[in-house]
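Chain naming follows the written order as A, B and C, and within any one chain the residues start at number 1.
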Amino acid sequence: MLLSLAPTPVRAQRPGVAVERRLAERLGLRVGDTMRLASSPDSAGRLFSVAAIYDPPRDPAALLKRELRLRMHLPDLAALLGAPDRIDRAGVALRPGVSAETAAARINLSAFGYRAAPSREIAAESSQTFAVVSRFHRAIAVITVVASAVFLLCIMLLKVEERRRDAAVMRFIGVRRRTIFGALLLEAAAIAIVGALLGIAIAWAAGALTNLYYQHYFATQVVFSLITPRIVLFGVALSLVLGVGAGALAALRLVRTRPAVLWGRG
Amino acid sequence: MSGLGGARNLLRHPLRTALSVAGIAVAAAMLLDMVMLSGGIERSFERLLLARGFQYRLSPRGTLPFDTEATIPNVSAVVTMLRRDPAVMAVTPVLGAAIFGRRRGDDSLVTLFGYGFDPSTHALDEMLRGRELAEGDSTGILLGAPAASLLRAEPCDTVTIVGRLDPEAAAPAVERRLVVRGIVRWIYDYRGQPSVGTTLPLMQRLAQVASEDRASLALVKVRDELATPATTARLRRELPGIEVNGVADLVRHFRERLVYFRQLALILGSVSLIVTVLLVTTLLTIGVNERLGEIATMRAIGVSRASVLREVMIEGLVLVVIGGGLGTALGLVTARYLDAILTSFPGLPAAFSFFVPRPRPLALAGMALLVTGALAGLWPAWLASRAPIAETLRAEAT
Amino acid sequence: MSDGIRAPVLDGRNLRKSYHLAEQTVQALRGVSLSVAPGEYVAIVGPSGCGKSTLLQLLGGIDAPTGGTVSVLGTELGQLSDRELTHLRLTRLGFVFQRFHLLPVLTALENIELPMAEAGVARAERRERARALLDYVGLADRAAHRATQLSGGEMQRVAVARALANRPAIILADEPTGELDAATGRELLALFRRLNADGATLVVVTHDERLAAEAGRVVPMLDGMITCS
């Protein structure tokens, strides 16, 4: 709904209006001030008294719209718009035990010019944007995981190959292949876990910065980046699996090579 | 010779090199995608806005086109005034309204989006089959493919279109039987949007705004050389009650709304470059450490520090060039996949694209990748060139 | 010892070198003086750790002495910048190492070309010279083989050819037969003999008595000092 707004210094007994904090800040409004609201720039409108200033709910869907909102009693808005007894939507609370889907179907049988929908359906529809963003994030995550896997495999290979001469000496003095393989695998696992924990710490710091930035940018309390225990677990488990897998591959190559070749005389 | 040595050094450990190239390729693909994403949104939106050459959108004061249900009153007067302006080549008012249609066969009501427009300007549609509306055609209608499917109608069929419904009377307030002239693609529709279009007066009657002669917006085409800030300022002065949006203004608003994607592109693009640096630096550092003896020998027989530095840096560059080449191909494939995900955003025009390849940013990204590769090689190269000759040779001998 | 008539091509005076190993200081050279005349064939011999390789490295400008001076063809190495020293090693000195140190990614021919390429010799000329040098060391048929595809003796002969690439005034060799079997070692001895006969100045560090016996002068070392010369 479009309303034109104009703060005015006049003080009187007016219908009350609650103003969203960002709008109040933009217009320099305080509780008790009077403002003129109109349905179009060329209409005279009506005077309202600022009864409250409120923070909007943490609704991610409203973030990008940048709409500035105010709340007033329904009859006041209807009078302002010149549309008495007309609404956009109405909420219906059902008695306990009544199914929303059944009730909506029954209403729709006799409805004309309107449609009843269960809240769940509306929520699913209105969260479509976030579903798309989530799919996008998942796709990016797949690419990131592939890149990380290759990176990890590469590092593990280098790390294990760095131990060529150590492995050669161990083989020369009679240490079994299995022992060398186990030691290299243990080293790979330790590196993967330490790396994963370090990564989580960096992610936590980056998430905190992201929240700080976007909460300031959108003037909202919505949380943008959230690291849950499940994410931590997934990160550590994935690193461990990839790290140990890559380490095992590299270690296998190493222990299968002749000690003389490892020493560089093969 | 150094270059040859640099490139051949990568063949000493084929698996290691292959893995590094693969890592760089994935990072380069991500960088490419993010470069396309960062500016692609704006480029695609701009292209969409200029699809029919209209450089201005006039909407109710304080709103963006179709962002609210607000409409411009007395739009005919505005159009007449604009048509008198020598700079203006064409003006077409458009009304958008929620209407209904009766499905052929079972007569049930389906919700549609209705465009009222001037058919002669072809500002909104692209004909798929059938024919365009004639000027002043008060009995014809154009259907988008999703609407045609909903209404089960084809060109030459007759459909019933319903304007506002009156819940109290439980009857349509306005109802018209119209002949389908053609099936079109509505340029600004989102995927699956069931839209229909008729002449503006007919749609005004269906939406019950005919008496106030309202339209949602007006599209204005001026001579290309006149689509300047000066013209925008003049139109704003002449139309104080109307929001005059140039393409740049709309792109700016759009950019603000999709700021997240631009920033994500920046962050992920930077991360890609960091990953490339880490990979190249790690590989070269370990590679250099393994052949310190050779490098010390080269230095001993008189090869200069600069030559050693060049050789190691060439190794880094070769890695990045090969990885970048593979990454480009991979990036183009992943961009299509990611674009398919993002273009399924509700309410986004189907013709929109998030990932648009543009030569200049892509060239810049390529340069950034090359510079990154060269810089990543700098540290190991410096280490190699500074290795103490005698000490290294002694260590090698033991 | 120089013959007193011709100016020495290589002149080390009162050379001292100490290293810091852990918390100990090791005196590798304790005031060594050695002059080499043009065309001379000198063998430095002594037990492991006596400082002979260190002396060779100081004479070749690979390492800097803790005390004393080294002159190559009348130029005092201590006065040169790193760039000038590198250029001197490239153009006036030739090195042969115990473990060959050929670049494994290059062919035999390319290994010989490397110092010439570094010195800015034109491609055609360096290729021709590299082939001639390969022919000289008896490996003309191995030009296209990578270093890793050559035997130990072949690698060392390629290393000698590489040392000769820029027509150096002096050739310095550190245990050149150390990694070779007896038969291959004999081939290298013959090559060194031929080189010296063709006018090359040779300074060789060795354990190999046969190699030392070939030299015109033997310089024995013990505990960082020359015992008699």
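In this text, a contact is a pair of C-beta atoms (placed from the backbone, for glycine too) under 8 Å apart; a residue touches a chain by one contact, two chains touch by 3 or more.
Quick caveat, the model's predicted, so the values are computed rather than measured.
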Graph distance between chain A and chain C, where chains that touch are linked: 2
Most distant chain from chain B by Cα centroid: C
Centroid distance [mean C-alpha coordinates] between chain C and chain B, Å: 66
Cα-centroid distance, chain A relative to chain B, in whole angstrom: 22
In chain C, residues with contacts to at least two other chains: none
Of all residues in chain B, the ones touching two or more other chains: none
Residues on chain C engaged by chain B in the complex (per definition of touch): 53-54, 57, 60, 62-63, 82-83, 86-91, 93-95, 97-99, 101, 103-106, 110, 113-115, 117-119, 162-163, 166
Residue numbers on chain B that touch chain C, as the complex places them: 1, 4-5, 8-9, 11-12, 293-294, 297-305, 307, 389-391, 393-394, 396-397
Interface residues, chain A side, partner chain B - complex: 1-2, 4, 40-42, 64-66, 111-114, 128-129, 132, 135-136, 139-140, 143-144, 146-147, 150-151, 153-155, 157-158, 161-162, 217, 253
Touching residues (chain side chain B, partner chain A) in the complex: 13, 15-16, 19-20, 22-23, 26-27, 29-30, 60-63, 68-70, 73, 164-167, 170-171, 241, 256-260, 268, 275, 278-279, 282-283, 286, 334, 337-338, 341-342, 344-346
